[in-house]
Amino acid sequence: MKKCRLFILFMFCASLAMAQDVTQLIKKVKTKLELVDNYEATGVMKTDIAFIKAPIGKIKIYFKKPNLFKIKKEGGISLLPKGGLSVNLSSLIASSNYTTIDAGVQDIGDKKLRVVKLLPNEETSDVVISTLYINEKESLIEKAITTTKENGTYTMLMNYGAYSNYGLPDKVVFEFNTKNYKLPKGITLEFEDESKPLSAAQQLKNKKGRVEISYKNYSVNKGIPAAIFN
Amino acid sequence: MSSVIQVQGLTKKFGHHFTAVNDLSFSVNKGDVYGFLGQNGAGKSTTIRMLLSLITPTSGSIEIFGMPLQANRAAIMQNVGAVIEKPAMYEYLTAYQNLKIFSALSGVSKTRVQLLNELDVVGLAARAHDLVRTFSQGMKQRLAIAMAMVNDPQLILLDEPTNGLDPQGIADIRNLILQLSRVQGKTVLVSSHLLSEIEQVATRLIIIDKGCKLVEGDSKDLFDKSKTVVAIQTLNNIEATKQLMQTSWASHVLVDRSSYKEICMQLDEKLLPTLHKNLVEMGIGVLSVKPMHSLEDYFLRITSTPSYV
Amino acid sequence: MFSLVQVELYKIFKRPRTYIAFGAVAALIGIIQFGLKLDGKSYIDFMMNDLSSSLEIDGKILNGYLVCYVMLQLLLVHVPLLIALIAADMISGEANMGTLRLLLIKPYSRTTLLLAKFIAAIIYTLMLLVWLAILALFGSMLLFGTDDMFLLKTSYVVLLKESDVFWRYIGAFGFAALAMTTVASLGFFLSVFAENSIGPIVATMSVIVFFTILSTLNIPIFNAIKPYLFTTHMIGWKEFFDIKVNGSNEAIIGSIQNPEKIIKASIVLVAHTIGFFVATLLVFRKKDILS
């Protein structure tokens, strides 16, 4: 019994120590991200949602501290997971009003990544929990799983390249849950039974929705008029 | 005289029970004004429509201009004009537009002046650009005639052209027919249910009843005042008709064939006793012999009695 | 032949009735455009209701291309009535006026005359569609501008690039022309049997409504006959607005999901058109003209 108590105490201390460690890590990540006040980038967006057939689109991405974020498709229509993209990396950890929990180290691909859970302290926050997978060496978030009250859970996967110094990814993949889509035939005026629907989309039916953005040509801290975000 | 229309054994049945035209034969010669007489429903319109290939005969043959109608329809119709029953035209078009359409359809391209001139001939020049909808019956009839004449046809078929016209209109039509025939040398076939109308214009005529020919001949003969029509009832009308038709003195034997109820024949009044004698000699039991004075009396009688089937 | 067609067209376009159809199309399109211009946003919100709970849709959804699609969806169901108004009157109307007998004693064969009338009815149909295209497509493009086309289908959504839309409309209108020609030939066929125009017009519409209901009903017993009903294929123009996707669910620009459906539907429609015309010819050639 006593042994047991001791063990628990030990564990608690250990976790405390580690928590301090991850707080440091988050700070490092944050510092890196804070190098960027604003950026503008071009990119290519690919929407892969089972019930959506969309072509690859060229986009422009705008960001301004603390949490202004905008994707513009030039002269076109863009489909984004709701709320998903607006909760970008910076805004995730911009405030410090959260509790961090160290969830150990996990291998993802050939990388060992530190898993950190962020729990907002505010009851009103839309984010319930974020799990960050951080490359400790580079201070880069490689994966983030965020659960929100309103918009469900989504996953972001980041690949870094030339702008890793700023913590800006070359490629981001969002994965999110989509509700089943169905419109009554009365509205769409389709008579025929979709007995054999889209082959490719059918295979993806049970998958999550994915939006893939490949960034190109970042222009960092060159200033962006606020009007763009309206 | 060459025949313009030659009809042989023409029969038209509608369905299995109704025979509109029954074994009809007649011929129309060039230059004739051929009267086609019969009460309403006698089969006049059906016959005229068969002559125009609007109705396909059940049996029999029609030759026009010496050519079989079915095989030479287009060539024949190039030279035929017709007004069939009540005048028909596009009421939402003007008189001029109607005439223009039918001139184009007839394959003759006429200038505006020519068309207006033709409207002038029928007295419609002043109303050339008014919608036909606003026309009176008589004006429509005159336009219909102008439309029938637009291709300058050699043969003109007029089906009841005076229907619904006032006395002046009737007189106009009569004059027109006479002019077409005598001045322009055209062949006209005109039908009517009124003997008085036919009497004044026809050179030859046929009377039909219930689809059958009653009599055909020159008007001069048929309207000869010295002749009378007698109605004979015998015990065997069919046999009597056959025998009477072989005699030389009976100019015309009219038989009400739909019932064989009586035999009518036209003959010189002086020959009445000879008729009696002959019938007795033939061994035919005579029930009655009733003189009726004129073809008109006879015609009135068949057109006034209700049809019996 | 050419002059016969000319005369038929002359008659069609001299009638006030003809312009009812053109006026009706203009009025309907005008009303829809006006409504969407004023309150299009709430219409789009309504359509997007389901989708916008999980997706953020950004861009000018309500553009000319979509407006035209919406209108075609609404209108192409009713255009048959306007086609029937003229096509089902082509023979019966003349019989009613008595002019049919005048036409038939002209030196043309009945086949030639019928063909001329049929061609005239088709030209009218095509002109009505061109009119529809001018107002619905070009009018909406002018009023609402152009952009990508965002289409909601029963079980999926299609996003077409702006540059990938216009040719689809050409195809769709071409197909609609085929479908409406079938309607015209049906009306034409029915008009042989009557001596007034109301009968065949109502009959044509009844047949189309009846068949459309059969096509729409999802009752297994009717499903077997659906492929043979021409009404099932009349909406085939929509196939032009469905796009193929590759293995990674990425739309292939310039592709059509089911081109074979369009081909099949076209064959069914053309077969019906020819069938109706041949039937008309067979009946009409033997018909006694009593009107």
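A, B and C label the chains in the order they appear, each numbered from 1.
Here, a contact is a pair of C-beta atoms (placed from the backbone, for glycine too) under 8 Å apart; a residue touches a chain by one contact, two chains touch by 3 or more.
These figures come from a predicted structure and were not determined experimentally.
Ranked by how far their CA centres sit from the centre of chain B, the chains are topped by A.
By number of C-beta pairs in contact, chains A-C lead all other pairings. A simple rule picks the central chain: find each chain's mean C-alpha point, then take the one closest to the mean of all protein C-alpha atoms, which gives C. For the pair chain A and chain B, the distance between C-alpha centroids works out to 98 Å. If you average the CA atoms of chain A and of chain C, the two centres end up 48 Å from each other.
Across the interface of their complex, chain B is touched by residues 3-4, 6-7, 10-11, 14-16, 97-99, 101-109, 286, 288-290 of chain C. Per the touch definition, chain B reaches chain C in the complex via residues 14, 49, 52-56, 73-75, 77-78, 80, 82, 84-93, 97, 101-102, 104-107, 147. The touching residues of chain C, counted against chain A in their complex, run 47, 50-61, 73, 77, 147-148, 150, 152-162, 164, 215-216, 218, 223, 226, 232, 235, 238, 242-243, 245-253, 257.
Within the complex formed with chain C, the chain A residues making contact are 46-57, 71-73, 75-85, 151-152, 176-179, 181-185, 187-194, 197-198, 200-201, 204, 209.
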